[in-house]
Every structure is written in structure tokens, then in C-alpha cells.
Amino acid sequence: MQLGLVGLGRMGSGMRRRLRRRGHDVIGFDPHSAASDVTSLEALVQALSVPRTVWVMVPAGAPTREVIGQLSRMLSGGDRVVDGGNTRFTEDRIHAEILAHADIRLVDCGVSGGVWGEADGYALMVGGHPTDVSDLMPIFEALCPDGERADSFVHAGPLGAGHYAKMVHNGVEYGLMQAYAEGFELLAAEELITDVPAVLRAWSRGTVVRSWLLDLLVDAVSDEDEFFRVSGYVEDSGEGRWTVEEALRHAVPVPVISAALFARFASRQSDSPAMRAVAALRGRFGGHPVRTHRPPKE
Amino acid sequence: MQLGLVGLGRMGSGMRRRLRRRGHDVIGFDPHSAASDVTSLEALVQALSVPRTVWVMVPAGAPTREVIGQLSRMLSGGDRVVDGGNTRFTEDRIHAEILAHADIRLVDCGVSGGVWGEADGYALMVGGHPTDVSDLMPIFEALCPDGERADSFVHAGPLGAGHYAKMVHNGVEYGLMQAYAEGFELLAAEELITDVPAVLRAWSRGTVVRSWLLDLLVDAVSDEDEFFRVSGYVEDSGEGRWTVEEALRHAVPVPVISAALFARFASRQSDSPAMRAVAALRGRFGGHPVRTHRPPKE
Amino acid sequence: MQLGLVGLGRMGSGMRRRLRRRGHDVIGFDPHSAASDVTSLEALVQALSVPRTVWVMVPAGAPTREVIGQLSRMLSGGDRVVDGGNTRFTEDRIHAEILAHADIRLVDCGVSGGVWGEADGYALMVGGHPTDVSDLMPIFEALCPDGERADSFVHAGPLGAGHYAKMVHNGVEYGLMQAYAEGFELLAAEELITDVPAVLRAWSRGTVVRSWLLDLLVDAVSDEDEFFRVSGYVEDSGEGRWTVEEALRHAVPVPVISAALFARFASRQSDSPAMRAVAALRGRFGGHPVRTHRPPKE
Amino acid sequence: MQLGLVGLGRMGSGMRRRLRRRGHDVIGFDPHSAASDVTSLEALVQALSVPRTVWVMVPAGAPTREVIGQLSRMLSGGDRVVDGGNTRFTEDRIHAEILAHADIRLVDCGVSGGVWGEADGYALMVGGHPTDVSDLMPIFEALCPDGERADSFVHAGPLGAGHYAKMVHNGVEYGLMQAYAEGFELLAAEELITDVPAVLRAWSRGTVVRSWLLDLLVDAVSDEDEFFRVSGYVEDSGEGRWTVEEALRHAVPVPVISAALFARFASRQSDSPAMRAVAALRGRFGGHPVRTHRPPKE
């Protein structure tokens, strides 16, 4: 099947290679990549046979919206756009309306698998009209792990459902990572445990906590030179926050996902204003000694 | 290798079968099991050649302590006891002293894998003297998943280290389960998502959150008849609490593991005294309406 | 000073009485109240001398927006509107634009003090232009506790700052209430403590935790007949959620405020979907017994 | 009434002054204080008329246990010891047994009020036998805020109940402080708010969140020179941990108190091992950039 692919970063370029290896005709465009197959978005659109399918794989937010806007002016009625980025599900409706003016259909697709997906396959969470999803199945099939489409693909619901499912997936991921990390820290704090990476490795087969994330963690902490250089400064990419916002909207308690998110916020503070207030308060009522400032973190 | 095995419950009986299939000579004793090979602990001890190895696989706490006490009077110098239960690591030292009076050695071994371990193999976290651990390796090897001993076995440190590692493993497990459960609830609350089990299933291959626990969760929520009957009342088995206590002792922040534990506590309350206090307080200051009692949960 | 007051509920009627007792000329309107001084919003506007000041004290959201819309058509250039409700700060800008078309100024004012404010005075957090705030000082002065304006009034910043400060105030309030409530539950769980209300009462003077909320809690739990009837079902009014959303926007960790909010969410669930998933999962991997359904809460 | 007082630190010396001003005969001893009235514990015991009452006001743990041990050898049958320190309630029973061998009675008394108690009065939470408590009432009365004994004193139950009530009091205090601190940080993060200390000050009268702790916080953050120098490094004194341990023992969910405690733990880490693990993990699966080490905090 023929597919236009906009965005050839870590994810997009891996997907192009995987799709091509499985026989699909992928024309990729990325203005910032030497590997671009065409020199402009217009050239990409020209190169595709109608009805066209263009998969957008660029950063969420303004970059995605800009590409969608351009495509709404270049594509024709009956063409299809797939948004494979981490777009917030609330924006899917806005993008769909922009495209609908030109009778172009939108499908949203959350893609998981990271840099490993090219070799191992990607998991796909898709939202949109059943006809559109059905037409795209050859592409979805090729992206999923071989022979495991049933366990790595879902048509989660109408437009937005794919990004919603991916957003919650990422929220869960925050919680899982923090759970392992707390266990790691506790093992490292206990003198009885003589080899922390070896304990984590022994959890990786046969246990209740075995997982792909744990395998990665074992690798990460076992490479001592690398791990020694890592700082406990952790970004968050937006989807954790959106997940908690959705929990607020639905009145769903998410103590674990939110705790994992707040741990990331705190990890980025050189000195917490809140804890400074607590320290000052302690000094006031109890005459407890108060530490004066440390030099700020980098 | 010859092994006495005390306790033939779900875990012990599975371990006996697995060990026998791999050629070991296991003599099992359980006063409450028709499958017991001998009729008393004394008979078990008599049946073993010196130096004997007795694996204790009974509930932690009083039952384990009682068996250890009896063995300390029946075994001889040079014999070995392996405690494979979920004993708190602080008790290992007490048990070791009891046994040391008769020159008997203790090895502690946390065993993970549940009812699936008989077929898939168990993960083992072991504490004790290197000589003892080394002598027991044929047994450990047979219990681990075939060909994966390096990823499912660890000699974690001196006596107590095995149970410590298993305790932290269980604490992490609480956090992982709660993270998935929060994601599940959020998906179920969102109207866009038309098939929640299908979304979870699509997470099970190719994603960052894939794991054995997720596979089980997919099975659990996919069986609608079964899941419909499940109540949100969740026990905790002690090790989650011990993990948090260790975090307190080491001043390690464990927001996720503790949140998962507290969610279990709350799940067992028919009506929360704390929330009744909050409700009463709101009624006082704001004139907010207050609900009168619901009938208690079963 | 003359003031039009829209909304004569618990808060508005108390404020009218307090302002009148301090010599202000308050004309109140409420279509649902027999105590309304005029029969329509138009009549209220007619009764006021220019430049008019109208204080809106109706529920946040649609009701407030509707009154603001009506006032934008009835008032004249140079008139002023004060929004004393719990409007989300993000809406203040929208309301200000609606009013600005008619050259009407908006001041936002968060009001704390509940039903006790009429007698004890209200705390006021105000946002808006300095001239407008200055002109309104006689009203603010009269509403504050006598002689304590410096400790109960703040011009917190430009438009929206007042509602922002009030929103955070309510978020903090959630945390404080939950902290006391957890302490209450723990005291109630401990056999050594023979009289829980008496312990709380002994905290109410001389201690580090003494507060007005604690005084209310002592009263609430001391009235055994009343407290016995209270159910642990706790509503949240929106501002706790907005506070957490702001924390997400600013990447400020709020583990305590969010935990207090999630405890309220959980208090309203008859059976937690998340905990049902945890229970089902435990049953799967460990053969742990699973409870079947309880009858739902009312 | 005559009282021996061991320990003349911040708390003990304030209590001696307050008791003397109210006419009590206090003989104080502290080996490290020039203000000691006698030169040895033996001299203190000699100076008191039988039956003697000795109030121990020294740091919890080893210091208290040592003084109790010495007093068990120096006092006589019918004498009384009051432990006014922050002893863990579980140790009260051990101390009582030590003293009981010499027929000496123990009363435990949690004291709140900090350095402000000398002027404002202390709150007292007492455990012990009713006869002993009754005999000590003149002392308790004098320590409490004038005329407010009913709201600042409780005989909370048998031996240990006083320290239990004080422990929970401190746990609640952690939660309250963190709630205010989170609100402070959020206000400070929001550009609309032009004067954060002024907002906190406006909360201090008339609001739902007014309290003594808030008054202290207003003072603390208003002194800019002082607050600028405070570092967000916060100790914990043991009672917060014990409170959470008790919550674990009683299966009481304490999400707020534990979150406040963990925030303190985290405030003392120069670089969190858990967050380093999260950062390393992110780098592995997503190719996310990882920060290398910052220089450690002081």
C-alpha cells in the first residue's frame, strides 16, 4: 500500500524502514532530514496516487497543527490523514474540523514502542471511522509485531480514542517506572543487599514483576559507567499531566500516577519553595535549626 | 539431590513436582495434606541422609517459627534449613540463632512465581553463607525457569538478604498493579473508549508497559462474567507494609508504593472514619449538605 | 456607600446584613428569594445612582456568566461589577471582555468565611485595577473582621488574582482537613486512646496544630448523635481540582493537596473499578481468594 | 506543689519558669546547664520530699532511658516519674516495668507548644493511672494556657496514651505544614499574584484556613532577608515516621501524612537514586536525552 509519511525523526524513520521491509511503498518527507524522499510537502502530495494517505509523525502541538493545516489545503476530498504523534485527544476534534472543510478524513493513532519498534514492532491505538480504519489495516498490520496484531492493535473508538488510550498508556508508564525506581532506591539503601543490579536481574524472569521496562532497567543500572553519569533530573512530556487532568475531570483517584508525576516535578527543582517554607516554619515554632542555602543545582 | 520439603500447599506441592521432574529426590511432609510422603516431621528427618537439607515452605510468622524450632531439636550439626516462605527479614537472624545452637545452618530464599512457577519456573532471591548457597545450587537451578538461572536467581547477600529482596519485590508489585488499575479505571470512565479490555490487550505486545502482570490483567478483565463478580476489596499480605517500614527506616521516599498500599487499606473500609470527619467538618463551616449513613458494606 | 448585590443565598444575605449594620446602603436582588429588595435585575440597576457598583454573589459557572452578560447590557460606562463568587480565574478575563465592550470594569473577589462571616467578618482576596479596588475599600473594610483588615484583605494583583488566591486557599483547605481527618482515624483505631474527641479538644489550645478548622472538628465529633449519622461521602466543589490543574501547569508538586482530593473522589465510589482490577489480578497470579460483590452503596 | 525537673533545655527551662511564676517549687537538674539548681541527679532526689515527683524532660531514646534507669535506683516506692519527652509510646511499657521493680509509678505526658509555651501555655496529653494523673493536676493546670485547661489537657488513657496522642499530633502537624507549603509554592509560581506574603497574611483572619501555623508562616515568609537564606532541607524528628508505622499497623490510610513525610525525605537528597533510575530508564526506551550529573548539594 502507498503511504506518505511526514516526519523522519527517530520514530518516523524507523517506521519507514519497517514498512518498506514489509513491501509497502512509503514516500517520506522531512524538511530537516537528508533522508527525505521529496523536497517539499507539495511534492509529497503530488507523488501520491489518489485517494492519498498521509501519516503525520511530527511533535505534538504547534508542529502537528501546522502540518495538518497545510495538508488541508493540499489534499483532496476522499484523502486521509493519520496523526501518529502524541497529540492531545482534545485537539483531534479541532484538526478533524479543519480537514473536514476539504472533505479529508482524520484517523488518530497512538504509537508505542520507541526506538525498539522498528525491529520489534509497534503497538497501535487507533481512533476514527471504521471504514477509514479498515482501509488502513495493511499499514497497521505491518507496523505491529509480527503475528501479534491481536495483542498490539486496537480500534479504541471514534476519533480521539486512539490518542486517549495512548495518553493513559503513558500515565501508567509513569507509575510503573516510579514503582521500580522506588524499589531500586530501597535496595540500594540496605546494607544486606550486596549487588543491586543482580537483584533486579533476578526479578526479570519467573517473577510477578517481570516486564520489558524491568529488562531495560536491569541494563541501565548494570552499565555502571553510564549509570554513574546519569542525573536524577527527569522531564515529563505532557501526557502524564493530561492523564491526571483527565482523572480530575472524571473524578477518578490516581494517587500512583500523580505521585510519579510529582516526583518528576520535584526532581527538577534545585531547591523546593515548598520545603523552604516548611523549613522556615519549623524554625519558627520549635527553634529547630534551619539550614542556610546550598548552591543551586546546575 | 535429596531434599526434605515441609509444607505442601499451593507453592510447596508445585515445587515438589517441578523438582522431581528434574530428577531430584524430594520427600515432602505436610500434616494437613494427603499427599504427604511421611507421617511426621520426625519421620521426614529420619528418611533423609546426612547432611540433611530441609526446605521449609509454610506460612510466615508463627507456623514457620514453630517448624524451625522443631527442626532445631531434630536435625544434627552440619544439616541445613532453607526458609522459602515470606518470612520478614528481621526474623531470619532469630531463626538462625535458634538453629545455630545445634550447629545447623540457615539459608533464606524468597520465591516468586506463584501458582505459575511449577510450569514456568520460579525466581529465587537467596541470602546466606556462600558455601551453603553453593551446595544448594542444583536445587535452585531446577526451580528456576529452564536456561534462565542468570535472570531469575540471585545470591543477594548474607542471611536475610533473600527475604529482603523478595519483600521489596512485593512492594514494587503493589505499585505496578495500582498503576495498571488506575489506567484501567480511567479508560473505563471515558466514553470515547468503546472496549476497555481490547485497549489493555493492545498494550500487551510492543508497548513500553507490556509485562506479565498486564497479560494477567487482560485475561482478568476480558472474562466479563468473572470480572463482574469481583469486588474491589483487596487484602495485603504484610510485605507491602514491611517495605514501607523499611523505607521509613532508610528515609527513602516511596510515594507510589505507599499510595498503592493505602488504596488497599481504603478498599476494605465500609465507611472511612477520616472521610466522615471531613464530611462533618464541611457541614460545619460551609453549611454544605452532609449525607447520612449508607448501609455498611458486607 | 451604595451597593447593588445580586444573589441572596447563604453568603449574599449574610453579607447584606453585615454591610447594612455598618451603615452601607445595600440593595439586594435575588429572583428566588422573598427577601429581594427589588423585583428584577433591571429594577436593581434603576435603583442605583451612577456610577453604579454591582456585587455578583451567585454560583460560579453558568449562573455567574448569565448575570454578567445581563449586566453588560444594563449598566453604563464607568459602572463597576464585583464578582464575589468562586469563579475560575481563567473566566475572569472572558467576563472582563464582555463588560469592557460597554466600558464597565470588573473586579474579582474571593470571599472566605462561610456562614460564620456575617458575625466574624470575611476574608477577601481581590484582583483588579488599583483605582477600582481603591474605590471599593469602604465595602471591603466593612466586610472584613473588625479592626483586622490588614490580616484579612489583600489586593493580590491584576484581574483574576483574587480568584486565584481564593482557589489556592481552598486547595490548602482540602489538605488541612485531610490531615486532621487522618489523625482522627488513627486515634480512633488505637485502643490506648479512650476518648478521641477529648484528645482533639486538648489540641485546640496551646498546640502547634491549633486552628479554626480544628475547633470545628472538635465540635463536629463531640456531638455524638450528629456524628453517628454522618456518612463518609465527600463532595468537592471544583476549586480543589483547579488547584491541582494549576499545579500541573506550573509543574509544582502537590502531593498533599492532590491526595486530599483523591480521597474525596474515592469516598464517593461504591466500589472502585481500580481496586476491582487489583483484586482480580491478585486472584490470577497468586490464587488469592477474591471477594464477590457487595451490594452497592446508596 | 514540689517538682523535680530533669532537663533544662529549651523546653525544660521554659517550663520551670512558668511553673515557678505560678507558685510551684521546682528544683531543676541538668548536667549541661549552668542554670541547674543541684549538681547531680542524686542531689535532686535528696532535695525532694517524699513522695517525690520527678519530671523527665530530656531527648527521647537513649537519654530518657538512661535517666529512667538511674531514677529507678534512686527513688523509693510511692514516688512518681513523669516522662514529658517525645518518647515512643511502645517504650513507655518498658520504662514502666523498670520503675515498677522499685514500686515507682510512671506517667507519660506529651507536651506541645514549643518555645512559645512558656508565655502562652503548653498543651498536655497524658497517659497513666487516674490516681497519679489526679495527683499531678496542679502541675498540669499551671502548664496549660491560663483558664483553658479544658481545651489543652487530656487524660488520654492508660500508660502510653499520652505519647500516642502527641505522636499523632505531630503527624498531623506534618500534613498541615505541607498543605500550606504547597499553597505557598503555587502562589509563588503564578505571575498574577504580585505579593505572596500579603496573600498569606490575608488568609490569617476570617478564613477557613486560619491557624497558628499560618500566623508563623506569614511571619517567616515576610522576613525576606531571613527567608532568602533558608534552604529547603527539612529534618524529621521521628514522630512522623512512627505515625505512619502506626497507620500501617492499624491499616489506616494516611496519604497526606505520609506524603508530607516523604517530601521531607526527598528534600534531604542531593540527587535521588530513584529519579536517576527513572532518568536512565527513559533514556533507554525512548532515546530521551539524559542529564549528566550536577555537582552535589552541600
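In order of appearance the chains are A, B, C and D, and numbering begins at 1 in each one.
Everything that follows uses one rule, which is that contacts are C-beta pairs under 8 Å (C-beta built on N, C-alpha and C of every residue); 3 or more make two chains touch, one makes a residue touch a chain.
Computed from a predicted structure; not experimentally measured.
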item	value
Winner on C-beta contact pairs when A-B is weighed against B-D	A-B
Chain of greatest Cα-centre distance to chain A	D
Cα-centroid distance, chain B relative to chain C, in whole angstrom	46
Centre-of-Cα separation between chain D and chain B, whole angstrom	37
Length of the line joining the C-alpha centres of chain A and chain B, rounded to whole Å	33
Contacts with 2+ other chains: residues of chain D	114, 178, 180, 182, 185, 189, 208, 213, 252-255, 259, 262-263, 266, 272, 274, 285-286
Chain C-facing residues of chain B, complex	10, 114-116, 177-178, 180-182, 184-185, 188-189, 213, 216-217, 219-221, 226-235, 255, 259, 263-264, 266-267, 271-288, 290-295, 297-298
Complex contacts: residues of chain A adjacent to chain B	89, 112-114, 117, 120-125, 127, 144-145, 148, 150-158, 160-161, 164-165, 168-169, 171-176, 178-180, 182-183, 185-187, 189-190, 192-195, 198-199, 201-214, 243, 246-247, 250, 252-257, 259-260, 262-263
Complex contacts: residues of chain B adjacent to chain D	208, 236, 241, 244-245, 248, 251-255, 258-259, 261-263, 265-266, 268, 272, 274, 285-286
